[in-house]
Structure formats: C-alpha cells, structure tokens
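Note that subunit A is present in both complexes that follow, paired respectively with subunit B and with subunit C.
On to the complex of A and B.
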C-alpha cells in the first residue's frame, strides 16, 4: 500500500462495483487479482458486459485469471503504450454510464486515469486499487523527460542523467511523480542510493 | 447580517407579466452603477417588506450574466404559499425600492464538462435562462429539455426555441409528452454533466435514474429551493441567547429567530446551502424536516435542524442559538 503523505500524492482504494451500463477494467500484473477479488463479489452475469484491458508483468502471469471471468471483451496488451490507442478509442466512443476500474501499478493507474481525464471523466468517479510494484513513473523537472519504473531513491534521469530526488509531489496531468536534482550545488556529492519503491 | 449576504439597494425598473402565473421583475441599482457580476445558476435573496413582516425569498437570476445593468427574476404566483409571491405580484410596481442580497451560486455550471444536459420543469427554467446565455456566449455545448404543463404556461419556451432552436426540446404535460429519461441519459457522450431544476418529484426521479444508470454523483447537479411550509405554531428556546420565541403559522423558524433579534448565518433560505444548520440541544416532539441539506441520518438523529424550511411539533425544542 502506498503511504499517505502530501496532498498531491494519490491514494488508492479497493475496487467496488458501481452502478452503470458498461464496465471498463484496465489492469497490469498483480492488478488482475484485484479484479478477481471484485469478481468474487459480483453478480454472476456481471462480466458478460465488461471490457478488460490487461497488460501482464514480466512474468506473464494472471491473464488466465481474467480470461476465466469471461468478459465480453478481453484485450491483452504488451505494454501500456501499445494498449493506449485501444483505450482512447474505447473512451471516445463511450457514453455516460461507463464506469472505469483501474488496478495494478501506480504507473498504470496514473496513465489510464490521464486518458480518462482527457475523455472528460472526473478522477473522483474512477475506482482504483494499487497492487504489486511500488515502482514510480517520474518526470525530471529539469529536462521534462519521463523515466518509467523508478525503484530507487535518488534515481537517475534516463534522459539528462541528473541524479533526482523522487518526490511524493504528483502530477495528474503528467501522470508522474516529480524528480528534482538532489545535488545541484555539488554534483560530486552522491548520496547513498537505496531501492525503496519495490 | 449574514455570511455572504451583503445587501444591494435596488429599484424595480420594470414589471412584465409573462403568463397567467408568472411575472418578471427587473431591478437596477439605485445609485445607477453596475450590479455585481454573477454566473449562470446564481440566485439573490429578495427582501419583501410587507408592513410588519419581512419575508426573504430566494430567486434565480435569469438574465444574461454578460449584462449586469439589471438583475431579472421570474416569480410564479403561489396562492397557497406563505404570501411572498403574492406580495411580489400584487404590491411591487415599477419604481418600488427594494433590497436584494449579493448573488450566490449554489447551482453553477461545471465548466470542465464536455457537454451540459439540462432538465427543467415549470418555473425551474429560470436558472437555465442565465446558464444557456452564459454557455451560448462561449460556444458551449448544451441541450435543454423543458417540461411544462401547457404551451401557454411554458414560461420562456418560445424565447428559448427562438434563441437556441433545436438545442431546446419541449414537453407538454397536457399533450402527454414525456422525457424518455433512460434513453436520454444513456445516449450522452462521456464527460456530460447533468443539471436539473424543477419540482422535487422531478429532481428525485432524475437523480435516481441517473445514479442507477451509472452517472457519478459529481456529474449530477440539482437545485430545488424548498419554500418554507406553513404549519402549526410552536415554541422554541434559544439557549445561547437566552430567548424564548414562538414560531407563527406563516413564519419560518429562521424568520422567527431573526425577529427575536438573533442573527444566524444563512445564504439560500431554501434548505440547500447548509449555512443555517443549527444544533438541537433537547427536544420533546417531532421534527418536520423539509431540507435537502442534512443526511437522512442527521434527520433521524434529532440533533440538527435547518431552520429556514423545517418545523417542529411537540412540547419543547431547545436550540443552540
């Protein structure tokens, strides 16, 4: 579970069934298990009207768990980027009554939420549940490049190479945490690098 | 004096009968200056000084927010009410000097919406007059579905059709025309916000269907000023100010508290804004809750009351005022 800190740091809940006409699930890796937990409480025919977009983790697990729910539409993506056109298309054609459920890593939840906000869904009406890795999607505030799957504190920007303090300051607009140079005064000062976002 | 209710000295510049039930009143500032700006959905509280009595009733501003030379309200005559609308219809003339509050908006547009879907019933059309004017000026995307009893009671229906053409759809009760609500709500693009103003039955129906069809609560906006209902007189003790007061048949509890020289905060006087929420210290009797502010749990607890619209029947009521 993500710890609560400053106000911009997102907090996640537990997926719960919402009244609606259509149900769209987006999950990665262990997020599949949050959907399975929800399914255990759902009426038998619930997934017959659901659309599931799933991006398995490196171990390729849990796709079978979701397929077993027999959703009306099931899409297996290789990465969030490869699933994004499908997600955007789905949202563009959707009507009020569509409910959105996001489960898995913060990077997945943040990026899917970003697409949903662009489509006019208020972030407060989206169901979210964090499962699996705490790895962060980070924006370097200096070069603006985004580094995925950051697990260390501090972390190196994959674009400009600065050593960045990964803050809890989060941008919904960018779907990323802010990374700020940790040794701007003296670059030779290298604080210990610890793996904290596992 | 109350939170956010700085007063404006105005003069009635015009009184225009609209149909057999509705009359429109135009107000200008007595000092000739422009009135404060407002946004579509805002209301003002109009002070009606009727001999010994002062009534304070909220009315939606229905003019364009782009024109602050005057405020306009439309008042539907209610022969069975407490007399505020009759006072406006019978006693207010061009040239009458009156006092209105600064505008307050408890029914504002959410401008993040991709589309605004509006449902009006009867005199509930008034806030939409201002909201549609505001949106039309910015090229906003809206659609208005307006239900009225008959064509002749369709206040401003012709004007709205003329201004916005097919963006306005009319339904007449006497021709058995009904909004196909489930279909309407299910066919709206993602990012639509819903606004409803009309009789409380209509608001309840629309909110219930919207929730059932998966509209998140934050996309559903409604306004219903509950007019204070007359009822049996009752006695109240105001513990903080050490006063005992009697609430008359035609008076609201809030008005009785004010008449005793106690000044609780208020904004809407219609049971929606929450400003006048008052703690109950003790009671022996039954509450008649008429507000849309307190939760059902609050209503059951007997610990809170909204004095602008709610009443009491019983032996004793002690309030924290």
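On to the complex of A and C.
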C-alpha cells in the first residue's frame, strides 16, 4: 500500500463485486492476485460475462491464475502499449453498465483509467486496487517526456537527462507523477539517489 | 492623458523598472508585520484613483512589454495556452469581459463597438483593429481565449463548475509562480492545490471553494498572494525552472537590492454569464527591493515578514537559498519603530 500523501495522489481501494452483466478487468503482474481474491467471493457464473486483459510482469507469472477463472475473453498482452488498441475498442463498443476493474501497478491503473476517462467513464465509478511494485510513471515537466517504471528518488529523465525530484503531484489526464529538476539552482549538487518506489 | 508604455524586458538584460508613480501604487500585500495563509477574499470593487484598483482590470505602464514577453513564451512553448473542447463558450465570455473592461477603463487606448454579433475591437497600444463575429471562431486569428489574453496583462485560468467543484479546464499561463498548466489542466480545485503546504490542514481550500462556487455574475471577488523572484522575470514556470533556478544562487549582499523582487498576484474571480464558468485572472506585479524600500514602512514590514516566515512557507516559495542575505540587507532599514496599520505606504 502506498503511504498517505497529498490530495492529487490517487487513492486505491480493494476490488469488490459490482452488479451487472459485463465486467472488464485490466491488470498487470501481481494485480492478477487481486482479481483472484475477488473471484473467490464471486458467484459461479460471474466470469462468464468478463473480459480480462492481463500484462504479466518480467517474471511472467500469474497468467494461469486468471485463465483458470475461465473468463469469456482472455487477452495476454506484452505491454500496456500493445494492449491499448484492444482496450480502446472494447471501451468504444461497450454498452451502458460495463463495470471496470483495474489492478496492479500505479502506471497500469493510471493509463487504463486515462483510456476509460477518454471513453466517457467517470473515474469514481472505476474499481481500483494497487498490488505489487510502487514504481511510478513520471512526466518530466521540462521536456514533457514520460519515463516508465521509476523506482528511485531522484530519478533521471530518460529523454532530456535532467535529474528530477519525483513529486507526489499526480495528473489523471497524463496518468503520471510530476518530475521537477532537483538541482536546478546549482547543478553541481547531486543528492543521493535512493531506491524508494519498489 | 494616456499611459506612457515602457520599453523594457523581463528576460536577458532585464530592463524592467517601475516609475515613481508605479512604486507608490504597488499592491503591497502585507497589512501587518507577519504573514500566514488566510482566506483573504473580498469583493472586487473599484478602489482609490491612482491605485491598481482604479479599474477592475488594470492596465499599466508595463502592458506592451508584458504582451511582447507573452508572445515570446508562446512561440517557445504553445502548451502554456490550452483549452479543453467544452470551454470555447467560456472563452467568448472572457473575450467579452476583457474587451468591455479595458475599453471602459482606458478609452484612449481601447475601443469596442458592437452591432449585434458583429464586433470591432481596436487596441491602439498593440496596433490591432479587428472586426469579427462574436461566437464564430473562424473570424478570429486564434481561439477567443487566446486572442484576448494575448492582449491582457496577467495569467487567466477558466474554471468549469460541476459536481460542486471547480475544474481547471482552460488557461493562458505564461507569468506563473512555478506551477504548470499543462500538468494541472483537467484537475479539480483540491487536486491542483495539492502541493501547497499547511493550507489544506487549515481548511483553507474547503472554505475557499465554497465561496468561489457561490460567486454571482456582476459581483467579482479578489485576493492577494505573493512570492519572490530573482530578476524581474515573468516566466518563472516549472517548465523553465532549470533555466531560471540558477538565478537564485547569484544573490549577494551587493546585488540583492537590484535582483530580489517582491512578486504580488492580484487574483480576481468572476462568474461568466453564458458558460457559468469562473474566470480567475492572476495579475502579477513585480517590484525590486531598491524600489520597494523607497517607502520606509514597507521596508520595515517586509523585513519582519521575511525574517519570521515559517520554514515550510519559505521553502515552498523558493526563498531558502537567499533568505539570510535578504533579511540581513533589509534589517539595516528596520529601526524597530512601529508600522502603521494597513497596506499602503505612509
């Protein structure tokens, strides 16, 4: 669980069963276990109306856990980017009453939520549960480039190379935390780099 | 008699200065010898002649130079001006408000004539004479918000009101005190204020939101906010922080009077008639220490405010690196005698 923070920082809950016939799950890595925990409480035919989009972590684990739930549709993606066209089409074709469940890393939840917002789904109606890595998706405020899977504080922008303070300030529209140059006033000051978002 | 517009810069050689009359009218933001956040909102009504409140939208001697600086910022970074698709109507509302107010306050410089929805706008200081159809974006060279805010001093945020909250859904932001429109656009009132220390715990934003969502058309409100800036730089954006941040390390006892500037924001809040949005102009006034201390009361008071500022606020406002130098310099102008009540100079 992420520590208590400032107000723009998203708050995640625990996935809970929602009434309805159509359920869309999007998860990465340990997020699969949040879906499995939900499934343990679900009625027998629940996943008969479910579409699961899953992006395994580097260890490739947990796909079998989700497949065993026998969802109506199951998709195994290599990355969020490769899953995105399918996700967008699913959201565009969805009927009223589609229930959306997001589980896993903040980067996955944020990007999937962004796609859902663009499709007109209100963010407060989406079930989210954070599991696994605390790695952050960060936008450099200077060059606007996004760096994925940031685990250190400070972190180097993968585009412009500035050393950035990873703030808690978060934009749902960008699905990213804000990174601001940490040594702008004196570039010779190099603070220690610590692995804090594991 | 019209305003004599100064030729000056807010970058590179930094030739920005205030005339003696503009020093006297500077909106000094401290009514007592200390500072803490408060919901310091009051009705935005016309104030004394010769003050920045003489007109509800103030145009001053820096107008032309500020508009030139804005054009430079936008050429470098067009993301400083953004409007979400549902905000165009609010942009027209803002265009009407700013044209009306500028023409009302400064008829020698601005003229608005209307024949139904066929409007003609003359802006003499910038050499503009445009005829257009109100409500038809194809008749203007930019969207309505961008068009008029390229001709109006200060930053402008347009806030959509829905679900009992205000949403930062459009803005022209080139003279900001270190916040990013591009990052914050689409956020609600609490979200975009999230990084501000101490104020959430004091319930400031809950009360401020309640006040702002109840603002009525024709009854604008205002408040002052402040920070400090090294060199008279309007564009202290986070986008360019790595470029202007080093300025903070250049302050010495010899140059602090010239380099350190008090930066005051006159923020006002207006209900817009067609869109029901709120427009939030953030008008920035700069004054260098050498100019400010020509008013002895302000010198004494600013010394006490900066000296006693809580550490979190000093950090948030970016003063930490040069505060000791500034306080030492100001202390020589503070004989310890009392200051009179109120904002104005003696």
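Heads up, the rule we're going with is that the second predicted complex is superposed on the first by the 198 of 198 C-alpha atoms of A that agree within 3 Å, B and C clash if a C-alpha of one lies under 4 Å from a C-alpha of the other, contacts with A are read in each partner's own complex, and residues count from 1 in each chain.
In this text, a contact is a pair of C-beta atoms (placed from the backbone, for glycine too) under 8 Å apart; a residue touches a chain by one contact, two chains touch by 3 or more.
Because the structure is a prediction, the values reported are computed rather than measured.
Room for both subunit B and subunit C is found when the two structures are superposed via subunit A, with no clash between them.
In the superposed model, A:59 makes contact with neither subunit B nor subunit C. Within the superposed three-chain model, A:7 lies in touch with subunit C and out of touch with subunit B [touch as defined at top]. Applying the stated contact rule after C-alpha superposition, one finds that A:45 touches neither subunit B nor subunit C. Once chain A of one complex is fitted onto chain A of the other, the partner contacts of A:162 are limited to subunit C, with no touch recorded for subunit B. More residues of subunit A lie in contact with C than with the other chain of the pair subunit B and subunit C.
Across the superposed structures, the minimum distance from subunit B to subunit C, using CA atoms, reads 7 Å. Interface residues of subunit A facing subunit C in the complex, by the touch rule stated above, are 6-9, 139, 141-142, 144, 162, 167-169, 171-174, 178, 180-181, 184-187.
Those residues of subunit A that touch subunit B in the complex are listed here as 18-22, 91, 94-99, 119-122, 124-125. Residue ranges on subunit B touching subunit A, taken from their complex, read 112-114, 185-192, 211-219. Across the complex, subunit C meets subunit A through its residues 79, 180, 182-187, 190-195, 200, 238-242, 245-246, 248-249, 321.
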